[in-house]
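One chain, chain A, appears in both complexes that follow, with chain B as partner in the first and chain C in the second.
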Partner chain A sequence: MRILVCVKRVPAPGAKILVTEDGQDVDAAHLGFTTSPHEECALEEAVQIAEREGGEVTVLTLGEAAAEEQLRYAASVGAHNAVLIPTDGEPWDPQRTARAISQAITDLEAADGAFDLILFGNESADSGGFQVGVRCAYALGRPIVNGIKGIEFADGVASARREIDGGYEVYEVPLPAVFGVKEGINLPRYPTMKGRLASKKVEVASMELQADSGGLARVRLHRPEEQVSETVILGTGADAAGAVCDLLEELGVL
Partner chain B sequence: MTLLVVLEHDRGDLADASLEALTAGRGLAAANGWPMHAVIVGANGENLASDAAKYGAEVSHVVGHDMLVDFGPEAWGESVAQLARSIDAGAVMASGTERGNEVLAQIAARLDEPFVANCVTVTPGDPWEITRVQWGGSLLEDTTLVAGMKLLTYGHHSLEPSPADSAGDGSTIAFTPELDATLARTIVQDRTVLTKGVTLATAPVVVSGGRGVGSAEGFGPLEELAELLGGRVGCSRAVTNNGWRPHSDQVGQTGTRIAPEIYIATGISGAIQHWVGAMASKNILAINTDAEANMVVKAGHAVIADLHQVVPAIIDEVKKRKGLA
Partner chain C sequence: MSEFPTRANVVVIGAGIVGNCLVGHLAELGWTDMVLLDKGPLPNPGGSTGHASNFIFPVDHNKEMALLGVQSANQYRDMNLSVDSGGIEVARTQERMDELQRRMTSAKAWGVEAQLLTPTEVKELVPFINEEVILGGFYCPSVSVVDSLETGTVMRKLAIEKTGLQVFANTEVLDLETTDAPNGATKISAVVTDKGTIEAEYVVIACGVWANKVAMMAGATIPLVPAVHQMADVGPMDVLAETNNEIGYPIVRDMDTFCYERQSAGSMEVGSYAHRPILHHPDEIPSNEEAALSPTEMPFTPDDFDDQMEQAIELMDMLGDAEIKYAINGLLSLTPDAMPCLGETTEVRNLWSAAAVWVKEGPGMAQVVAEWMTYGYPRVIDAHGADIARFYAAERGDDHIWARAEEHFNKTYGIVHPAEQWEGRRDLVKSPLYEREVALGAYFFQARVWERPQWYESNADLVERYGLSEREVEWDNRWWSPIIDAEHLNMRENVGMVDLSAFQIFELSGPGAIQFAEYLAVNKVDKPVGSSTYTPWLTPDGGFHSDLTMLRTGEDTVRIVTGAFDGGRDEFWIKKYLPEDESVTFANLTMSTCTIGLWGPKAPAVLGALTDIDLSQEGSKYGSLVNAEIAGIPCTLFRISYVGDTGWEIYTGWDNGVALWDALAEAGADHGIRPVGIGVYGGTGRMEKGYRLMGAELESEYNPVEAGLARPKVKAADFIGKEAYLAAREAGPAATACTFTVDDLTDSQGRQRYMQGGNEPILTLDGERIEDSHGRVSRVTSAAMGPSVGSYLLLGYLPTELAEVGAKFQVMYMNELFPITVAATSGSAFDPDDTRLKS
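And now, the complex of A and B:
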């Protein structure tokens, strides 16, 4: 099976997200970078499917040159091929991103054959547009379902599970198919030393692509107003139990 | 021009989020001087026209087709796109639920228009000015929107639903889309409900543990406390990553969003991605050895101590007060 996974490089903030002075981006000066948990799980799922069914996993990202870090990480946990669509570092809007990624997929498929399965995250961790995967699937003429937390195969059909409140629903989608995957579908592995070494050797293919922007233009990013509350300290040890239970009684939950 | 609001339902069971969408849509339609229409796709949907009218929809378009019994993102997206084109809608919106965002993305792909997910405020004008959620709610983005047809969702829980001052008459118009049979490929085949009653998302009390709990077994006392209080156990991503709890217990940006009467967060530092899932809690009690932890600083109440000592002591005290010990 030929599988493609699309991941995005995003900053990894801690207790707070700071914004640059001009409001155009997250201030990542003191931050590391990561991939969204949804996409990490999409990658893990792809690697597990390839291990189980046989096949090859390609990981693709659109971003600044430094996004190679996320591609190498993907290779260290099992991706076989890596593709970078370089940008100048400016954020691309969802339409522009989807146009470039669809074009890249079309080119990759023309060269090496169709992908049976393409996995996206349900939404990107930073911009959360909920659309790049859907736009790409439509451009490629393929079915897509989002929110997927389980994938199984039988006779060229993928049976995909999606969570609903207190249960799940099942979709039966013929291959080639596209899914938006959610964290929880699996527990992603950590890279092994061997994986790390191997990832250094993986060749990162660069695909220069241009695409038109859509109708969205960022004005600025800012933090929501925070409700500041004085923290009432109920105690510093086991003897706080009485005060805690008083609070629970006051709230009517005890 | 018209503002079209997509209602979300399962065979006639309306999602609460759709009332939020109608409430937000009513304001947006008024700001534009447009009428608001509702669109109802799927089996038994015609029953929802009276709800839509109560919340201010002038008319409901009932979309019928053999393929439109249960939810299917492609068939729903295609149907609403065709309807929106045929009535020359100025904007189409829904609530930013999983389905709402998915259907709007499908429409956007088909019409090649921009789609703005999880808006908080929308101000029509030239261009439209929008504030939307990023990072699952940790950050806001102001953006301008220029589009032939405006496509957007409102962040789920970003406003309280309220009925209109003057209700519509509940009238309906039937619409039959032309659907290619291949779109049946993404229609729900089967649905299973596993739990009825309180879920993590609806529990009045959530007792949550983070890395500080230390092990899967360490969750035993948290389970016991949650049970005594009629609540549920939650956790941080550090915990699911360690395999101590299933992901269905995870609170946060990529987990569940909760809004209990009280959130008891033990051994959780309160990273922003965790906080956004818990911030709608009415009260927060943090139990942490670190008085400077973000969770402690942001909580209304805190105990600065080792959770392994405090939680058992709370359990004993709860049992005593309940007459169980």
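And now, the complex of A and C:
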């Protein structure tokens, strides 16, 4: 099975993210970078499928040269091939991104055969546009299901599962297909030391592609006001009991 | 939490291992009214303590680091926050195996149990090691793993309970305020924080990687730089998890790859000092909010770690398949000379530094600072190597700090020779005679910032004349040349000239100068103009702070001459004690004074050709100062000698230096004059005379009675440490400084070996360590050839009851024993009656 996973380099979560003064970018001075969490899961799923069903995994990203770090990381956890669509560092809007990736997929498939499965993360961790996967699937004329938390195969048909209120929806989709994977589908592995060292030997193919911009443009980024939560200490030890009871009564719990 | 205070006696900035232990130690010493601040949350505010690997290898060649490491390990043990995991330094090369022999020697010196292991024996202790890539190991069972965060909490609570210490986390220091103090000094007055301002009598900066940034708020400097130490946590691995322990196997230091492998429960922490030096400006460290993990756990840069991964897998194959769960570019503090920054800052009174301290020595270093603040100098150990006043101005800027940190980072696990010289940042301060010296092929050693010729290649012809040769073993020959011994012999036979312009020369003047000079010095300074006083300066506890010469140059002026390694500390000591009535003016004359030593039996003849004054012992008496024109150049002649031959220190103006040098060289040509390096001045010549050296024999742990420098009488005037000095005289010495001859330099392989003066232990004939009644170990404090006595010489202390001329002992060097004999206990091995000095 040939599987393609598309990933995006995003600031590592956990830190307060600052915005540059002109509001055009994230201030990366103190930031580490990672792969969007949904995409990490998509990659893990792809690697597990390839381990289970046989085949190989290609990882693709669109971004500046530094995004090679995320491709290497993918290789260190089991991706076999890596493709970078280099940009000049300017943010590409979803349509432009999707056009370039669709073109890349077309070219890759022309050279080496069709991908049976193309996995995206449900949405990126930074801009959260929910668009690129859908646009690519549409451009390629393939079925897509988003929010996927389980994938199985039987006779050239993929069953993809997603959560709904109170249960699951299961979609049977003929291959080749595109899925938007959601965090929780698996627990992504960490790279091993040997995996990291092996990843350095993976060749990163560079595909220079141009594509027209869509209608979406960044005006400026701004940080929302921080939600300050106030903590009231009701007391310590047994002395606090009265105040706790009062509060519970006030909340209608008691 | 209580209201934010507006006043406190002591404010400690930083609640890492150092700040917490400091408030604990201060509380135990009786300090009250203290406030501890940190900009991060407790118990882990986000500094280097929070990500430390928390292990202590107690063996270090450096005395301060070794003994404070042991002291710290014991403090952790006493709090029950420590496990003795044992640790092994493994060698992959023969050079490292030799270094492990040196480790064994230092282990013996500090009384740390240790043994050398074969690769098979290493594997018995660490079954997952690949014994085929190692040649052996150095095993130390008392290597320990500590809980530094909990220790900090315990010490902080101790201070809260004992003295009502107030603690404020999440409180950022925005500024430090100062006020004017007497003698043009400034004094700390307040700490401005985002919660309010606290007026304070004392402020201690204990905030690690941020220390210099905070110090600069008050106009002070703490020369350190935040540097990356990469660490990856890999696992889980069954063999580790099955121990059901945080640490069940000895820590392995893979010395030749500059890495360590330290079990942490089911995982292994692989840490590296091998990657390229990665330094950061403090402003590049994120705030707690901006940091994904903590401010000092910066994003991992995997490309820098790949080589270490390969080496780690080579040593422990199981690591290859373990997952990298957590990896950081962890920040720690590096200084220009790899030693901590402790003590009162030189720029701002009552602003103290307790910085550039790692977890392994944190509690001990905190004790040092607490004692320093309490008693005026540390008691637990002499801390001259960590004293922040040691740095000259040229060592305090970022250019120097960064360059030196970059140079020594990769030596963290390196094999560093006791005499090793820096490669970068040389030529910072050059003598006025520098060009002449370069032309003579001077081999320069750097004394902090000063370039001093150690020997001159132009004297190579003397090696053959005196039948000398290189040493047999490369290690003994490193940073050494037989030219040193040749220069020595020529000086004893003819005459030598020594550039001493690196002398640090200070002047005290004003109506209070003489009285103040007396207050600093043990020996009487108030003598006739033209007299000199060689004297210790003591700590309040009566140990050596300094050892120098004071010259009575005028009715109200005293000139102070001290060594290049001590100038910073001595200048600070003077300024710290300057009378508040401003009756004394201090001036540093170093950069305007050129000093040339002229010594040897033909020195009077050489000088006599250049001056009309009477150079006899009447006209230029030993120890006296005479102003004279030498070849028409105005000079001051100081008849003195640190090398054992008659002659003078000749002082002249900086700009006259070259003319004086040329005149002496020309006048001495027919007398066999040669330039002589510091190898003779500080080494062979000094050692033959048994002259003590500050920082070697002379440390605050010893007093003048023990060093053999107590005069028959004690002057009437008061001086720092007088009470303790009187008590020491009354009690008599517990140890006595001795000169030893090495009776046989031959090692087990039949090679001649030469001790380096690097704390080699002096042992009984049974091979036992020797400690005096104060627990001070007998060790080599200085070593050099005595070319004129034909023996290799060592200096060191023995318990007084053992210090008898002719008594036999052994010295350990490179883990082998060599027989030695006490040659002198007070006088010198060469010319004990000083006839040559007074001829």
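We adopt the following convention: the second predicted complex is superposed on the first by the 230 of 254 C-alpha atoms of A that agree within 3 Å, B and C clash if a C-alpha of one lies under 4 Å from a C-alpha of the other, contacts with A are read in each partner's own complex, and residues count from 1 in each chain.
Heads up, the rule we're going with is that a contact is a pair of C-beta atoms (placed from the backbone, for glycine too) under 8 Å apart; a residue touches a chain by one contact, two chains touch by 3 or more.
This one's a predicted model, so the numbers in the text were calculated from it and none came from an experiment.
By the document's definition of touching, neither partner reaches A:Met1: not chain B, not chain C. By the touch criterion stated above, A:Ala125 is placed in contact with chain B alone, chain C being left untouched. By the touch criterion defined above, A:Lys194 lies against chain C but remains apart from chain B after alignment on the C-alpha atoms of chain A. After overlaying the two complexes on the shared chain, residue contacts for A:Leu175 are found with neither chain B nor chain C. Once chain A of one complex is fitted onto chain A of the other, the partner contacts of A:Ala114 are absent, as it touches neither chain B nor chain C.
Of the two partners chain B and chain C, it is B that touches the larger number of chain A residues. Legend: residue contacts after superposition of the two complexes on their common chain; A:Gly32 is shown touching chain C, with no touch to chain B.
Shared interface residues of chain A, touching chain B in one complex and chain C in the other, are 13-16.
Interface of chain A with chain B (complex): residues 13-17, 19, 26, 36-38, 93-95, 98, 122-123, 125-131, 134-135, 137-139, 143-147, 162-174, 182-184, 187, 214-224, 229, 231-242, 244-245, 247-249, 251-254. Contact residues of chain B toward chain A in the complex are 71, 73-74, 96, 98, 101-102, 104-106, 108-110, 112-118, 127, 129, 133-147, 153, 185-196, 199, 201, 204-205, 229-231, 237, 240-241, 243, 246-248, 250, 253-255, 261-262, 269-273, 282-283, 285-286, 291, 294, 296-305, 309-310, 312-314, 316-318, 321-322.
Put simply, chain A touches chain C in their complex at residues 12-16, 18, 29-33, 69, 72, 189-194, 196-197, 200.
Interface of chain C with chain A (complex): residues 232, 234, 284-287, 289-293, 298-300, 302, 306, 309-310, 312-313, 319-325.
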